[in-house]
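For reference, chains read A, B and C in written order, and residue numbers begin at 1 within each chain.
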Amino acid sequence: MFVLLLLCAIPAYLLASAASLPFAGQSPDWARLGILFGGSLRATLCALVFAVPVGIAAALFAAHFCAPRLRGWLRAALELLEAVPTVVLGLIAFASIAPWLATHVAGVVVACVVAPCALFAWGLATRTPRRRLGWMPLWGVPLVVAALVAGVVLGAGIDGTRFVPASPWNTLLVGLVLGVATLPTVYAMADDALAALPSAQTQAALALGATRWQALVTVALPAAMSGLIAAVCMAAARCFGETMIVLMASGNTPLGGFDWLGGLRSLSAELALELPRSAPSGAAWRELLLVALLLLATTMLLHAVARVMRTRLRARQVA
Amino acid sequence: MSRARNESAGVALLGGAAACCVGVVVALAAWLAVAGFAPFWPTSVVEVSLRDGAVVLGERVAQFDDAQVLRTSEIERIGGAYRRLRPDDIVSTALPRDVLAIELADGRRLFARDAGDAAALLAAAGAIESDVVERVAPNALGFGSRCMLFVKRVARFVAGAPDTSNISGGVLPALIGTLTLVLLMSVLAMPLGVATAMFLHQRRGAYARALRSAIDMLAGMPAILYGVLGLGLFVHGLGARVDAWFFADRLPVPTFGSGGLLWAAATLALLTLPVVVVSVERGLAGIPASLREGSLALGATREETMWRLLLPLARPAILGGFALAIARAAGSVAPLMLVGVVKLAPALPFDAHFPYFHPSAQFMHLGFSVYDASMASPDALRGVPRAYACAALLVLIVLTLNLSALVLRNRLRARQRMLEPA
Amino acid sequence: MNAAPVSVALSARDVSLWYGARQVLDAASLDVASRCITAVVGRSGSGKSSLLRCFNRLNDEIDGARVQGSVRVGELDAYARGASLSELRRRVGMVFQRPNPFPMSVHDNVGYGLRLFGLKRGAELDDRIEAALRVAGLWDEVANRLDDSALDLSFGQQQRLVIARAIAVEPEVLLLDEPASALDLAAMLRFEELLLQLASRFAIVLVTHNMQQAARVSRWMAFLHEGRVLEFGDTDAIFTNPHRRETEDFITGRIVSGD
């Protein structure tokens, strides 16, 4: 019982202490709170832009087209990625990617467009036998890398001033690295959602003459949709609360607006930077508790949505 | 058939995404391995003749489009002798074989043309012979001896103490701090977690369901929030009380009232508890009901069944939860920043003085060293490589702990499977 | 391997199947006659379902499965290079052991196959869905709940729904993989009546381990033992005069155990 009390302590503690501190005279700095919230939101959205398409597409591939042995490896590899401490990813972002990205924003943008186009065109041009396609995650790596490099090279030709970031540590950088960090979350949850679907349904679709692709799009995808949405929500919750990467890669400048090349400061970074310096029960302390509460409320909201979605997924599977 | 073509294009897109995932993992591993160990590889010392007639000796530490940075002999202080050289400043570059590279105990590096030059440099740097930790002629080294030197440097990094400003030197205190923290965290979290899971496993109904979803939610809470909780509840709350009752004579200097090893471990234990509970309970739920009923039918009580049958059977799940807990605990730095991790705490948390183990002591942590060395080092050209070395070590530790728990789990599982009928 | 029926809807010749290194089928040959029921019987694990899945190449979806031999549906050679899987599977429908409706409405379930083959919305789609549901004997029960989720139907209704789904595309051959194994006796007898009605329109291959069922409904019967077709012929003839010991053991064993 003691444990359970302990477990419920976080929200209780935050609420109680925030409520108990008198708002003596001055009201909290809502504008700053808004900017911090906006910073977290921007980082999250930017990360999801990278993580969600890649993670879900990879999970779809793993569930429907992948060689079964490779599927296990793929999962293990991504679990390994999940075990990598985020401070390490933050370091890579801060020290290695940031200086490079400062001059290659256009290249990255072009690469993000060129790579899928190249893959699509390649798929149109060649109809490979299915067995070999099952191993594509392995031999496709050079293909993807080549497409990305080509994109970057093409992008280097563009020298538009629109693509010059205000600071080497900006939202795009945070999004890229945070996206990598949440990739395992998206993948694992999407994979679970797809694996939970009865294989009999896919089999029935195949027996009716559907191709694997049609079975995926017409049967599996609609059935798993709520699970996939849950995956996105969980990933968003994770991004929103992630601290180290944002702390190291964002520049920590409290800027408003939605500039994807500008710096930002997130709720979590504010806590990590300011809390150790502030004395308990001071005005700054109270502000920071509000920040923590906001963070808590948002993550709980996202979790609740994910939970509802997962319940719906389960309800649909009951045959 | 255009439909087939469209479909194969779609599959190629999905496959490309999967390939992307693999690529990211591989690239990350490769980059960490290279960047993490490159700082230990002996580099050559170059002799550069400049246009103004000067000749400088040093290591090339950075290369930009328009210039290169040379680290020359650091006579005054560490990080104080970088020279930025543009290509048109340089007349010629040479690699003289008999150049000496000397490293002092405080991290300073000196480059000398010969033994006499070296003695003069040492004198100028105010160092004596016993301050020298490494003295080699790097340009004359063969591949084999470079490898030897590399291994020696790695050993010095892992098992050595840092210099007084934590710019260079070893990371032993951080390593010990990380491991102690994880150990202490496990001691706190595992029994509680398993007990909670057992408790939950025996309950059904709305109450248990609500608890379960609360725990699920807690497992996904941002780590930094646990740091806030640890700071407010443990450090400022509990710690201040403990100080007032037991260490009143030392106030206002806090003993438990400031961040320390114990509070950090307790915070991490809170952080990992939900993960442990979820995974152990899932393991318990996976045990067939028939086994449980069989035991009950033999006259065992519910408690006996739990202790004698279910718990041993759930051992793989417990180990799995342990692995997850370790990965989460060893990798989360953000909460530690609030509850007692420090840049430099040369004293280890245990020593020869009673009570031998000091849970209130501040401590170092590899993850925080990564952050600190890269973001706050006064010498950025040393800080980033050092951060990478710490990062590689940290990843190695996390993966080792993680994998060993998983291997153990799989062994146990295999043994249990052998007990089952085919 | 005698007694070629008058009109053959599907003929399998020397079909062998491996899952990895394990051989599941060994040169199985079988002719399926039009407009009647051919039962495939045998013990569990004798390869009945695997044989069925060779007919519509569903084994292709299993990694490591390898098939030799030939299967012809009418003029279509199922294992020819470049044979269209979707055409084969349109002509050879299949119903699984447990009903597996898609998580969509009744209407969309039955219309699924039709839509795959290009029939979009409209009166024709609705008409064919209704026709299929009528043939499956489900129309009266679901006529006014076509837009409900198929998962809300009862077990028996789901069973008939998946049959309706399979016959909506008007296949030539219908493969039934132990479809009645989860039904109680009364429901099973009703289901057999439905099978006999269906047999007036399609060639049906019925996999079952229930000998009485095979005796009641089938015109032809194949006995599968360890991946081989030991006996194939007129059902009555096999029951009254089995050529092989294994067949006799199986038949009598079943009768004795009173299944």
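Convention: a contact is a pair of C-beta atoms (placed from the backbone, for glycine too) under 8 Å apart; a residue touches a chain by one contact, two chains touch by 3 or more.
All values reported here derive from a predicted model rather than from experimental measurement.
Chemist: Can you tell me which chain pair comes out on top for contact count?
Modeler: A-B
Chemist: Point out which chain occupies the most central position, where each centre is the mean of Cα atoms.
Modeler: That would be chain A.
Chemist: Could you tell me the distance, in whole angstrom, between the mean C-alpha positions of chain A and chain C?
Modeler: 46
Chemist: Using Cα averages as centroids, what's the distance between chain B and chain C in whole Å?
Modeler: 60
Chemist: Could you please state the distance in Å, as a whole number, between where the Cα atoms of chain A are centred and where those of chain B are centred?
Modeler: 23
Chemist: Which chain A residues reach two or more other chains?
Modeler: Expected reply: 211, 214.
Chemist: List the residues on chain A that touch chain C in their complex, please.
Modeler: Chain A reaches chain C through residues 67-68, 134, 198, 200-201, 203-212, 214, 218-219, 222-223, 316-319.
Chemist: Using the touch rule from the top, collect the residues of chain C that touch chain A in their complex.
Modeler: Interface residues on the chain C side: 56, 58, 61, 63, 85-90, 93-94, 96, 98-104, 112-113, 115-117, 151, 158, 162, 165-166, 169.
Chemist: Any idea which chain A residues touch chain B in the complex?
Modeler: On the chain A side, the touching residues are 1, 3-4, 6-10, 13-14, 17, 53-58, 60-62, 65-66, 74, 77-78, 80-88, 90-92, 94-96, 115-116, 119-124, 126-128, 133, 136-138, 140-141, 143-145, 147, 180, 183, 187, 211, 213-214, 234, 237-238, 240-244, 247-248, 268, 271-272, 275-276, 280, 288-289, 292, 295-296, 299-300, 303-304, 307.
Chemist: Residue numbers of chain B touching chain A in their complex, please.
Modeler: 4-26, 28, 31-32, 35, 192-193, 195-196, 199, 211, 213-218, 220-229, 231-233, 236, 270, 273-274, 327, 330-334, 337-338, 367-368, 370-371, 374-375, 384, 387-388, 391, 394-395, 398-399, 402
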